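What follows is a set of structures for review.
In what follows, chain A forms one complex with chain B and a second complex with chain C.
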Partner chain A sequence: MPFSVPTGLPRAVLAPLRAAVLLLAVSIAVFAATELLPGDAADAVGAGRASAAQLAELRAERGLDRPGWERWAGWAWALLHGDAGRSLLTGRPVLDLVGGRLPATAVLAASAFGLTALLVLLGCALAGRRALRRPGDAGGGLATALTAVPQVVVAAALAALLSGVLGWVPPVSLLPPGGGPPDPSILLLPVLTLALPSAAFGVALLGGVVADALRRPYVTDALIRGVPTGRILRRHVAPVLAAPALRVLAVVVGGLTAGSALVETVFGYAGAGELLVSSVAVRDTPVVQFLGLGSAAAVLAVLLLADLVPVRRTS
Partner chain B sequence: MSRISLALAAVLIAVTLLGPALAPYDPAAPVIAPWQASSSGHLLGGDVLGRDVLSRLLAGGRHLLVLSLVSAGAATLVGTLGGLAAGWGGSRVLATGADLLLAVPVLLPALVLAVALPGDAAVVVATVMAGAPLTLGVVRDATAGVREHGYVRAARLRGERTLAVLLREVLPAVAGVLAADLGLRFVTALQLASALAVLGLTDAPATGDWAAMLRENLAGAALNPAALAVPALLLALLSLAVSAAAHAGLRHAFGTGDSW
Partner chain C sequence: MTFKQRRPALLIAFAVLVAGCSAPPPTSGSTTSTLRYVAAGSPAAASNDPHGGLANESDALRFSLLYDVLTVPGDDGTAKPRLAASWEPDRTLTRWTFRLRPEATFTDGRPVRAADVLYSLRRIERKAAENYGRLASFDTRASTAPDDHTVVLVSRMPNALAPEALESVTFVVPEGSEDFGKPVAGSGPYQMAGGDAQTAVLKRNPKWWGSHPSLDGVEIRAVADPQARAAAVTSGQADVAGSVSPAAAKAAGTGVRVVRRTPVTEYPFVMRLDRKPFDDPRVREAFKLAADRRALVDTVFLGYGKVANDLPTPYDASYPEDLAQRPRDVARAKELLTAAGHADGLEVTLLTTTSYPGMDAAATLYARQLADVGVTATVRNEPPDTYFTNVWSKADFYTGYFGGIPFTDVARVALLSKSPTNETAWKRPAWDKAFTEALAVRDDADRNGRLGALQKELWKDGGYVVWGLGEGLDLTSPAVHGLPTGPGFQRFLLDGVRLGDAG
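Take a look at the complex of A and B:
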């Protein structure tokens, strides 16, 4: 993301500063959205059965009667000291709950990310080949169209095909109860559902950049002079691609973070995303706050990385 | 291409809105065996509780469609008002921040909002949050573009008030961009609404909901694939048709370039 404030500060200082400010803003937004809108944690715990006096007592006990900014400060301060509070539902520390779910999500996200990267590379190679063969054609229509399809549709279509028609994998991806590594076959549906839309998005954003880079005069010139394709890609195409690719990476990481909530819930895969959705359903605010902020931090970290790489403009 | 997608979108929207009246059976009542395959009386078979899939499909698009339309309309309205003001005043507000928003996965804010708000409201608010800044950027640039055109200058020199110039001269000039933008916001809203419906967080009606049907019938994929495949197909067709029409509209409005 270009950050063009006219200032003398170097990028290496500005980018982390901006990321920190954004994280602060996100923490306020997450806290405000979960705490300050009508219906607080006491209502959720009371579930409509508690009397007004009981609710008031509960609010005083949990500090819900204090002003909003004070509660936000207390939450943020505790978070900085490694205390994310306790689940309203089970009373267990939020960090334990999330920690128990993270390995499963890490396996899923890493596999999906690997497949996405592979598919984006393949898609960009195809876009590049097409650009060389048909210079007037803008291309990228298919990938752009696919980004419009809701992810739940991808999930349903894959389940109908792989599980319903072909019978290769079970329609639900249950983890072994005692922990341990998941059976690879249960990963197939969630990983494909996560990777296909992300890859379509990546190709839609990056394919055009590849095609443009290949159409530049010095690239066509090098091709005519008979410079080896590998060297052209390394010296003329890759440097132009680095910054947009990192930006696409940020979008893909964001997509995988949000998509894991959907995909894990649909396929019954007990990861952090499923925990987020089930916590939203029972209004377990501390868990939602921590997972919401954690997801945002992951996206911001990749955006920071994208910010640190200088944009090379060759036009 | 754009005519076909526009026509397809119009037909789908019409069928969706009229659908509940056309349903052959009560979409909320079990009438056959669960996940029974298609037969002559029940073209698309039964769902998880033995309700008629065809009837539920006909009845199950309206809530999703209306919710997406309302969300998209709200996002475009907010973005248009901001964009007209910013483009007219020559402000570069949000110029650097808007592309950042593309990286924000809109489902996450929607989930966080769904803790305190009803699911439907969360869809509307998240769509506006994610979409309005993008609309604002597009409308701002379009407004700045027509600001110095002869007819706009003429209206200003006639002494018309700024609001009148914006509404009567500028808004019609950017209407094509707005229509295309509304389509893009609709696609985002539909993705979001169907995601929250699948997660069981919206107020999906008992008569059926295309997205909720996907989750209900996932386990029966082998017994009655139609109960899963047809709602998925309808959702895909609706989003593809609207998205293609919107992209064609943008190409038309901006020459050849395709802009997000």
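Take a look at the complex of A and C:
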């Protein structure tokens, strides 16, 4: 126990520092990856019809004629001063572009996260019940199998079932123009596609922990003594589960962030993830950079939060 | 027009396929008539600048509703007045005087003056790198505005088709507009009421000079994937889906109407005259004779199209109607290849991509047809992201694209010795000279005859295998009436569209 909980002060200082270094690394990695792709924003604007001289002109206008490190440094310096820059393709401010998309992604991610948490809880309860009834069985096979299914297959299967066969929801999720809350029916497919694999992942990892906790001698003992199940769960199982559960949910947030790019593109849901995918296609580096950094910051913040919750072990 | 096709299209296509025609969409029964239009376009590339590349159809549609243009294409192929009420050339056809509608005003209250028009035209010329030199034939610096409602445009060469060259894309913005991060005021039939470049809400501009359009508002959403656009209409989320794939039109079912536009979409096979084996005219003719055009049209456009005759603009007024259709002639093609020294066969690589639906299928089928004349063509599918920068106008033999521009524009971008993207390496000084001379001819019949003769030369010797033309296909709910069916920018003029009863 003394080793697993370092003293508070250095941790509170170290963790944000580590996060800052990680963010820096992420921004360099994202920039480098965008650089390595063939073609640049000037190519996208010229669409193959611009002459070499015109391309050079387009590059100069956008500062793309400068070396990569200089462009990255300029971008980082401006960002530190609150200027996220403008799209290389359309000249629209990056903050406008991303700001217009964030509410949609926030609604999607929050709904998916809520559903994931609910499903994980349900799955853990089932795993616990199973562990109590059949102590020898490892269980978790279904959850592990579901985790292995690629998200794009989940999307296709759900769309075919819910939209194709049953006709409950539209196969595409178009947001109302001019903002406003999206209709719940268009959220169903993307939310399920995000939440089902995440929940399976959570249950696969946590189900075993639950089963282990329930198989501990003092729990078995308490059960035999006739202590109410609710009390056992609250006093003996929940504390053991809290820290790993938070960590798993933090990882799930990362998964949702990455998954939203795919899910939004598949269902035509115009959120930040879809913007990221289409901005990569046209090599719009400032937009890609900002979104990459934003998602990294969100994931790191949640991991940081999970890290700060002390691990409790049963003695 | 190069918006990218999305791979997950397959998934949605699958879902739509399963859905079939079982669910008739709810028709919009709202009292205010707002047309919900889902247009082709990459949302990330959605722009507020009407003087850029217009690669997104969703942008072109929005600009066509927000801004006035000088002229629009008429049904007979000649330019019709819009912001320009009338025009008159001088005797040399190099100075054109355009008279503007004096009653036109921007939505911010300022009148539309000749200075605004001149500013806009100069800006378009300055941004030539982004808009493929759209106004390259004009010298906008030398052009003048003698009074508030008159613009004198100077053409670099005598040009009888100057009003046609100004059609549709001469969007007029207020003089001095520089920041297009946000939309600037326009003087068109509609004005912005909300949203942004990617999902725009437009309402009728009550002060527009033209006749009152029927629709109160238009909502435009940019959706890149053609299957997703089709699904939006079949599921009742939109009234119009612009530019859907032939497969989506075939699968549309009963609750949805298919609007078939004049066929102008082409995926020609492009051969470079300056590279082997295509430097030999006999090889080029053999490749043209090898094409089974009907089979290609039926496979690629699913019948929504027609056979073409190796000329890129059969819809142009200057097309030589007396030209015989080139047939498929396997025996003759083999003879020609033998004469060219390829009796033992010939191996070529045909590049293609998936930027537009059916481009890959076209190449695959044509490769099989080439096998019948003894040519082994290996088809290589290139990524759509980089096709138009790495393959287009560079490779020896590939699948190209034309989307309905007039013959004079095709000549300017691809057929003159100095054309920036002379993809077939068609470099003939005599042809260039005859083209320039033809443009200086004022009489329509005489000029079209000369331009037609140039096209006949191209038919005989050129590097294009133009096998067919695909129709533009839009899906609409049954309540939409009067959607334009003309080619090119005509489809963006929604003045005559109305929402009524289904049927």
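Rule of thumb we're sticking to: the second predicted complex is superposed on the first by the 265 of 315 C-alpha atoms of A that agree within 3 Å, B and C clash if a C-alpha of one lies under 4 Å from a C-alpha of the other, contacts with A are read in each partner's own complex, and residues count from 1 in each chain.
The rule we apply is simple: a residue touches a chain if its C-beta (ideal position, glycine included) is under 8 Å from a C-beta of that chain, and two chains touch if they have at least 3 such contacts.
What you are looking at is a predicted structure, and each value in this text was computed from that prediction instead of being measured.
*Asks:* Using the touch definition from the top, say if A:150 reaches chain B (first), chain C (second), both or neither.
*Replies:* first
*Asks:* Can A:296 be said to touch chain B (first), chain C (second), both, or neither?
*Replies:* First partner only, chain B.
*Asks:* Classify the contacts of A:275 with the two partner chains as first (chain B alone), second (chain C alone), both, or neither.
*Replies:* In the superposition, A:275 touches chain C alone.
*Asks:* According to the stated criteria, A:265 is in contact with first (chain B), second (chain C), both, or neither; which is it?
*Replies:* A:265 sits against chain B and chain C alike.
*Asks:* Have a look at where A:174 lands relative to chain B and chain C in the superposition and call it first, second, both or neither.
*Replies:* Only chain C; A:174 stays clear of chain B.
*Asks:* Is A:50 touching the first partner chain B, the second partner chain C, both, or neither of them?
*Replies:* A:50: touches chain C, not chain B.
*Asks:* Scan A:240 for contacts with chain B and chain C and give back first, second, both or neither.
*Replies:* A:240 contacts neither chain B nor chain C.
*Asks:* Let me test your reading of the model: by the given contact rule, A:90 touches which partner, first (chain B), second (chain C), both or neither?
*Replies:* After superposing on A, A:90 lies in contact with chain C but is clear of chain B.
*Asks:* Report for A:285: first if it touches chain B alone, second if chain C alone, otherwise both or neither.
*Replies:* first
*Asks:* Name the residues of chain A shared by its contacts with chain B and its contacts with chain C.
*Replies:* Looking at chain A, the two contact sets intersect at 38-39, 152, 155-156, 159-160, 163-165, 167, 171-172, 262, 265-266, 281.
*Asks:* How about chain C: which of its residues touch chain A in the complex?
*Replies:* 2, 4, 6, 8, 11-12, 14-19, 22-23, 36, 38, 42-49, 52-53, 55, 128-130, 132, 180-182, 193-201, 219-221, 223-225, 228, 231-232, 235-238, 385-386, 388-390, 392-393, 413, 420-421
*Asks:* Under the stated contact criterion, what part of chain A meets chain B in this complex?
*Replies:* For chain A paired with chain B, touching residues are 1-5, 29-30, 33-39, 138, 144-145, 147-153, 155-157, 159-160, 163-165, 167, 171-172, 247, 250-251, 254-255, 257-259, 261-262, 265-266, 276-277, 280-281, 283, 285, 288-289, 292, 295-296, 299, 303.
*Asks:* Which residues of chain A touch chain C once you look at their complex with the stated criterion?
*Replies:* 38-39, 43-51, 54-55, 57-58, 86-87, 89-93, 96-97, 100, 152, 155-156, 159-160, 163-165, 167, 170-172, 174-175, 177-179, 186, 262, 265-268, 270, 274-275, 278-279, 281-282, 284, 287
*Asks:* What residues on chain B touch chain A, complex-wise?
*Replies:* 96, 99-100, 102-109, 111-117, 187, 190-191, 194-195, 198-201, 211, 214-215, 218-219, 221-222, 225, 228-229, 231-232, 235-236, 239-240, 242-244, 247, 256, 258
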